[in-house]
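Multiple structures follow.
Each of the two complexes below includes chain A, the first together with chain B, the second together with chain C.
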Partner chain A sequence: MKRRLAAGVAAGVALTLGLSACGGGTGENKSDTSGNNASTTAAFNVAVDKVFNPSDKKGGVMKFAISSDWDSTDPGDTYYGLSWNLARLYTRALVMFKVAPGTASNEVVGDLAEDVGTPSDGGKTWTYKLREGLKYEDGTPILAKDVEYAVSRSLEKATLVNGPTYFDDFLDLKGYKGPYSDKGKDNPAIDTPDDRTIVFHLKKPYGGFDYFAQLPSTAPVPQAKDTGVKYKEHPVSSGPYMFKSYSAGKGFTLVRNPNWDPSTDPNRKALPDQYDVAIGVNADDVDNQIIAGTIQVDIAGTGVQPAALGRVLGDPTLKARADNPYALRLNYTSINPKVAPLDNIECRKAVMYAADRTLYQQAYGGPLAGGDIATGLLPPGIPGFQKLSVYPAGPDNKGDLAAAKDALQKCGQPNGFATNMAYRAERPKEKALAEALQQSLGRVGIKLTLKGFPTGDYFSLYAGKPSYRNGNKLGLMSNSWGADWNDGFGFLSQICDGRVIRETGGSSNLSVNIPEVNTMIDQAAAETDVNKRNPMWAAIDKRVMEEAVILPGVWAKQVSLRGTETTNVFVNDQYGMYDYLAMGLK
Partner chain B sequence: MKASAAGACRPARVRQGRRPQPVSVVSYIIRRLIGAVLTLLVVSMITFGIFYLVPRWVGASAADLASRYVGRTANAEQVAAAVKALGLDKPFYVQFWTWLKAIFVGADFNTGTSIEHCPAPCLGYSFIGRNPVWPDLLDRLPVTGSLALGAAIIWLVSGVAIGVLSALRRGSFFDRTAMGVALAGVSLPIFWTGIVCLVIFSYGLGWTAPGGTYTPIEQNPALWAYHLILPWITLALLFSAAYARLTRAGMLETMGEDYIRTARAKGLEERTVVTRHGLRAALTPIVTIFGLDLGLLLGGAVLTESTFSLPGLGKYAIDGIIASDMPKVMGVTLLAAFFVVVANLIVDVLYAVIDPRVRLG
Partner chain C sequence: MVVGPSTPVSDQVPLGEEPTEAAAPGRVIEGRSLGQIAWRRLKRDRVAMAGALVIILLVLMALLAPLIVKWLGQDPNGFHTDKIDPATQQPTSTFPFGAFDSKHLMGVEPPFGRDIFSRVVYGARISLLIAFVATLLSVIIGASLGIIAGFFGGWVDWLISRAMDLFLAFPLLVFAIALAGVIPDRAFGLSGDTLRIVLLIFIIGFFNWGYIARIIRGQALSLREKEFVDAARSLGARGPYILVREMLPNLIAPILIYATLLIPTNILFEAALSFLGVGIRPPTATWGGMLSEAVRYYTLPHFMFWPGIAIFVTVLAFNLFGDGLRDALDPKTR
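And now, the complex of A and B:
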């Protein structure tokens, strides 16, 4: 009780100070923390759509920790949501998602650039204008050609292996490989007519280019300071913080960048004085330390471990410190149309009707730790989301056995059939799911033989390799997908476009190859008007569902714990975890 | 229970009519060092073989192997580039020879913008982190060393002391309790004991430091010890059980010997009888086990380091294994084997010091 009172008083004081700072006209804090969008009362789920403990108080050392390392701190060489979230502390991309809770974050705003991009040539050319007065941590000015260099170096997948390949795939490179392979050559797809203007030329029109421009690959890199694979040890900062120390696999420290000018940056408050990021801390210990207060945030952002879950949900004080956001991930099962008798759509429909969705949800951890029962592919946070009802599993979601049996009759297998189900052996939730499906499909005579495969090679060698999955008759394959960003393209293109399926394996798309859908994806991608584009993704979702090649399971949720000393805590829907840019300390 | 001297095939007591000619210690050490080098070579070949051959037995190609070290959306071209960059397309003996050669003459590595020379001993470049392995090993060695040596001293002193006292007070309440606690200590898994101790002593009572804190000794010796006290005690709890029981058994045997009665009859202090005559004879098996345990521990106390989040060699090895990062695992394996071999050598030489009846060679 006393702690809560103290917290309330502290927050109240901070709020007063914050308001007075605002009134003082420094003009640097523009994030929306007022009124009905904020709260100072600790409660379960308060930070999912509101700012908890809003504050402008500066100072303190923020303690971040994570149990396993991510790919890289090099902004051009990273593909983890948590890394993209964190990188905004020490880099600025061309544009960024608005730093706010709820659907407000779907809006793209200018970061290095004054505003979002200007399309021309039907969406094949995109132009951005940088702000004035931008400087690196050493005081040298940030120029448009540094952004060009940053994008160009990120193309070098032989050296910087980890990052996304959107620029490799969409820019009109005309054979240009990058500044390491094609030394001295200019990137024909990117022009910088002056120090503040940058122009991108694409192979085909793409309406959502701003989503590429918010990738950390566009964070500027001065060519003279590019050390290749070593750049991650000290990326040259364009943001409010810079690297003070770095130790591979152990952690790093960020301190204030003296040359960051807050008047050029309406998106960042930059409250703490320092960030200590500890890598490799035992996962259960991280949870215990957050509960005790020696660590503030688990930057993995995937929720507490099973050991702490019971404790958090059972203790009212701890539950009031917890939030239950969507992780913007769909856990589902791919139904392979190349394996008999699932090549007949009615047999696939039988699978969809008979599957018990409540058991699916239970296998993943129930409504809080597992997620919501999914009715389609797109999770509720994606703009254009529509609640679908294609092949529903009965009013109680436990399966529509009558419809399933009917479908089995139509596909010529009235007594059911047998097939194999693949899952990742090291993931207990996927094993539980496989067993749940075995049980629920068995009710109509569909017999599943469960086969576990090693997680590391699941996509490259087994389920993800067409020759293996078809040759070994993997009819059902457990799967999971989280969007690179919250729009239809970011979510659907890698799992619904048949053209991403590779014979050499590796794609997350295990079962969807519908020519009509491929065309619909191209059309939606080219549409530059976002209001016209979003319903097109919903239509693709429905069409894929109708083909019965994906059995949607749960839209993942997780239970996360807020730190004891943190302010401005809210879930950033774009990352499905707390926003690491806005947080401060009491 | 009398533990035989494991590893070194020589009896603890050599009863011979005449004292044999002592073998030169120097030549003995040189012979053992040559054997050590051969052992390290065999160990590294086997480890390398596991990484290289086992995937191929299950039908994986070089491209399949390389796909683990490239990003999520790598296309066939990128995988092929990775195969070349990591040398995965070369035959087993070529890859092994490249790695072996680098230990003696170093190797060059393309950072993208320049060619970096990795000086000898170059244990390769991490596939995942793209940085040289040897500096990482050197960086983490003090952490594992601090953990291992500190815990070793605690378990040796406490284990032997408890064992001696238990033997002298055989059957007493102290004896029974001590052996009971020792049994609990060796039975409880450290990944449970560690987390629970952290919750009770670090976060609950605030007596000890939280997990993941480590200060090098040269920065602040007091803080260094404070951060390590809980891992030391938890790790020592695991080992002191064995040492207490071993000492107790050895003491019970030697204290029953005739020469002990003679020593008492001569009028020597009980303390001298126990330590100089009783304990000294019982020490040989303890020294053997200690050498092996310490050698193994210096290779990385994997579970303790993971539980307390200490950035040592054990954690490094686990990270490498999970990521299939072959150079990391090779590096730690070689270093760990080196420590075990050296520890064995030291233990064997120490025999001659402790027990003059033992001859080298």
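And now, the complex of A and C:
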């Protein structure tokens, strides 16, 4: 699960979610930023599926700001969407999502590699061929073994604790732990037959390996320059910009990398001369500075604060500078089938019918800052998305009370029942959600006791720990998820696969354990044909909904503000935020 | 108190009188107890009386909250989503104080449009209840231990004084946050809000007795050397009797003063805990909790203004009254 920064005054760092889209395309077209796909007129939402103010003008200092620091600038040690977005400025991974607005970004194209990976052995072996003439910032050539080293060091979770674990989980490592623990040993899962070829061996077939190859942890790291946890202070650049200065927790400056050759890189325009990233600016101040034009982008990418929302939407000039993209994230409520009387599906259905979805939306910030009312798990941007209507909430989305009472009757609790609702205490939106559900379920006699838990231990000790949630009868638990990229595997596997539930806690799956669904997930993951695979994810979505163990809330959206001086602005669907690689200055 | 030769030796007569006034020559003192004298002084202090009036009104408001709210027809937890613009999350009314109208005297709060007036009125119940009872607890513990320490001295004093030091040095806020976080839903035969309230009273009351104990101990130390105590002792009175009948009545004044000044501190402390989210659980309204929600919407000043002003007025009223009471009971400190 990709993380995102929650920059609220009261909220701390929030775990996030990722995004998804379809993938697996080939081709290396330079991103097309002209024609009908562009606009120069400022208007609300103009940068969501078009390029706003297209430009090739180089120069200028781009000012980025963010309210709180993220995990790391080390490409092998980061799990924030904003960081993956930003890392493309100073690193190049094997492949990348096409730099383009709208669904075009679902296509995976070669970055360091000439093209996407070639599968063989039924999807168990993936081969990539690097481009010619690639160089680091110091002019030394980028070799295939540097990519192998970068992936190997990212396995060292004891040292580099933050990154995703896909390579740990899927590579056929045969016990290999990484270059720090197993000094001098070769990673048996990665071969480099020559300086430009790299081969990955997996434990089991996986059709979406290109999604792993776009992770920043495949960006090359020269072994001699690796300083472990301190590498984040100066990651050796393979991209168009390199670190000039770095001040922990305060910010850093990126300047042009003289050894980056545009002819080896069809994806990057590299317009500004310099990037100044300020960390630790008050969240409300970031909004005010963007409005005033002294900062160009809030790189947290989570939208404006509630305080600025009314101002932005109320002022036509400001509203014309705002966009309202999907974050491709689902905010939902897990319904625990291990707690009586919710062990009876009819009682769970009563919850589904009785919930007022408009209040759910309001709790998260309304239709613009909160999101669209969700009818299923997969957000609309994910390939294979099908609009479901398993438990319609009435014509006005305020809940179907007749159906809810009917379900309560069948469940043997005609007057309703009492249960507990868990939420993360430091998150005002989840608290508002708990109050909203208490109100709307109360209409049919389902009484909720609200229980806030510390955000940091929510999954490890409380709601995420089966013994705790069942023993303390947590019937409903607020939850939230986004995948690491736009695809059903990334979105559904961690929240619908019952086998990821651990007795020791920590899993984000709080309520779904359906043997049939587990099998369906295995089948879909192994399918290498994307056109067959996507409908399989939609079927899983429907099956989970039928079980009534997840009450979908909102497909998250946010209100973001474009800087006054920026050109080439668009939202990259893969990150659900502005594309930091494409942006230039007037 | 001077025990003159013509006065019957009794431990009751000297109790209520101020030595200076009693000693004034030629004045007939007719039934004017210390309380009456203090009351006369207090009545003349307009600021203190205003504070007292506000306190009485607040207590009435808290006690009658259900009636007030019923009369105006707004449930403190009821949603009025029609009063909030869903997109901007702001009250739809353009009046400066947000959705202010005859039904919502103080406007409504985002995101669900709950009535701020009803919530402020109900918030008074929690704030005052916790502050009063916690103060009572602190005073009972602190005064008892303070008198005992001051009167007996020796190892008893040493032990209690070290305990005071311990409690005074205790990182109370951190402890309160930790304890409120781990407390189960049901304990000691209580559950839900009742348990949280009892718990908050315990945390605030039990850990705050050090200050009052220290003050009372100091007073008791000097009192026990006074002649009337010596007299009682020489007549054969024993420890507990002297403590309760000789010392305690002379300590009522500092105890009362301190209690009045402790109440506003406790109101602020409860607000701080609610602000940090470790107080009463939602949706029950508390002033601190409302403030903490309002911070996210600082561009809607009315949301923060009303609970803020409620805390401000309450704390100010108690402080003014407490000051006046001290002046009245103990004119030397004026």
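To be clear about the criterion, the second predicted complex is superposed on the first by the 557 of 586 C-alpha atoms of A that agree within 3 Å, B and C clash if a C-alpha of one lies under 4 Å from a C-alpha of the other, contacts with A are read in each partner's own complex, and residues count from 1 in each chain.
The rule is simple: a contact is a pair of C-beta atoms (placed from the backbone, for glycine too) under 8 Å apart; a residue touches a chain by one contact, two chains touch by 3 or more.
Because the structure is predicted, anything quoted here is derived from the model rather than measured.
In the superposed model, A:Arg543 makes contact with neither chain B nor chain C. After overlaying the two complexes on the shared chain, residue contacts for A:Pro367 are found with chain C alone; chain B is out of touch. In the superposed model, A:Ala278 lies in contact with chain B only, and not with chain C. Within the superposed three-chain model, A:Gln289 lies in touch with chain B and out of touch with chain C [touch as defined at top].
When the two complexes are overlaid on their common chain A, residue A:Gly249 makes contact with chain B while staying clear of chain C.
Looking at the shared chain after the overlay, A:Gly310 reaches chain C, while chain B stays out of its contact range. By the document's definition of touching, of the two partners only chain B reaches A:Tyr180; chain C does not. For the contact definition in use here, the residues of chain A common to its chain B contact set and its chain C contact set are 284.
Only residues 77, 79, 81, 84-90, 110-112, 181, 184-185, 192, 277, 281-283, 292-293, 295-300 of chain C touch chain A when the two sit together in their complex. The residues of chain A lying in touch with chain B in their complex are 65, 68-69, 71, 79, 153, 156-165, 180, 226-230, 247-250, 278, 280-282, 284-285, 288-289, 291-292, 294-295, 456-457, 460-461, 494, 502, 504-506. Residues 60, 63-64, 67-79, 81-82, 85, 110-114, 116, 129-131, 136, 139, 195, 198-199, 202-203, 210-212, 306-309, 311, 315-316, 319, 322, 324 of chain B touch chain A in their complex. Interface residues of chain A facing chain C in the complex, by the touch rule stated above, are 8-10, 284, 305-311, 313-314, 358-359, 361-363, 365-369, 420, 425-426, 428, 431-432, 434-436, 438-439, 449-452, 454, 472.
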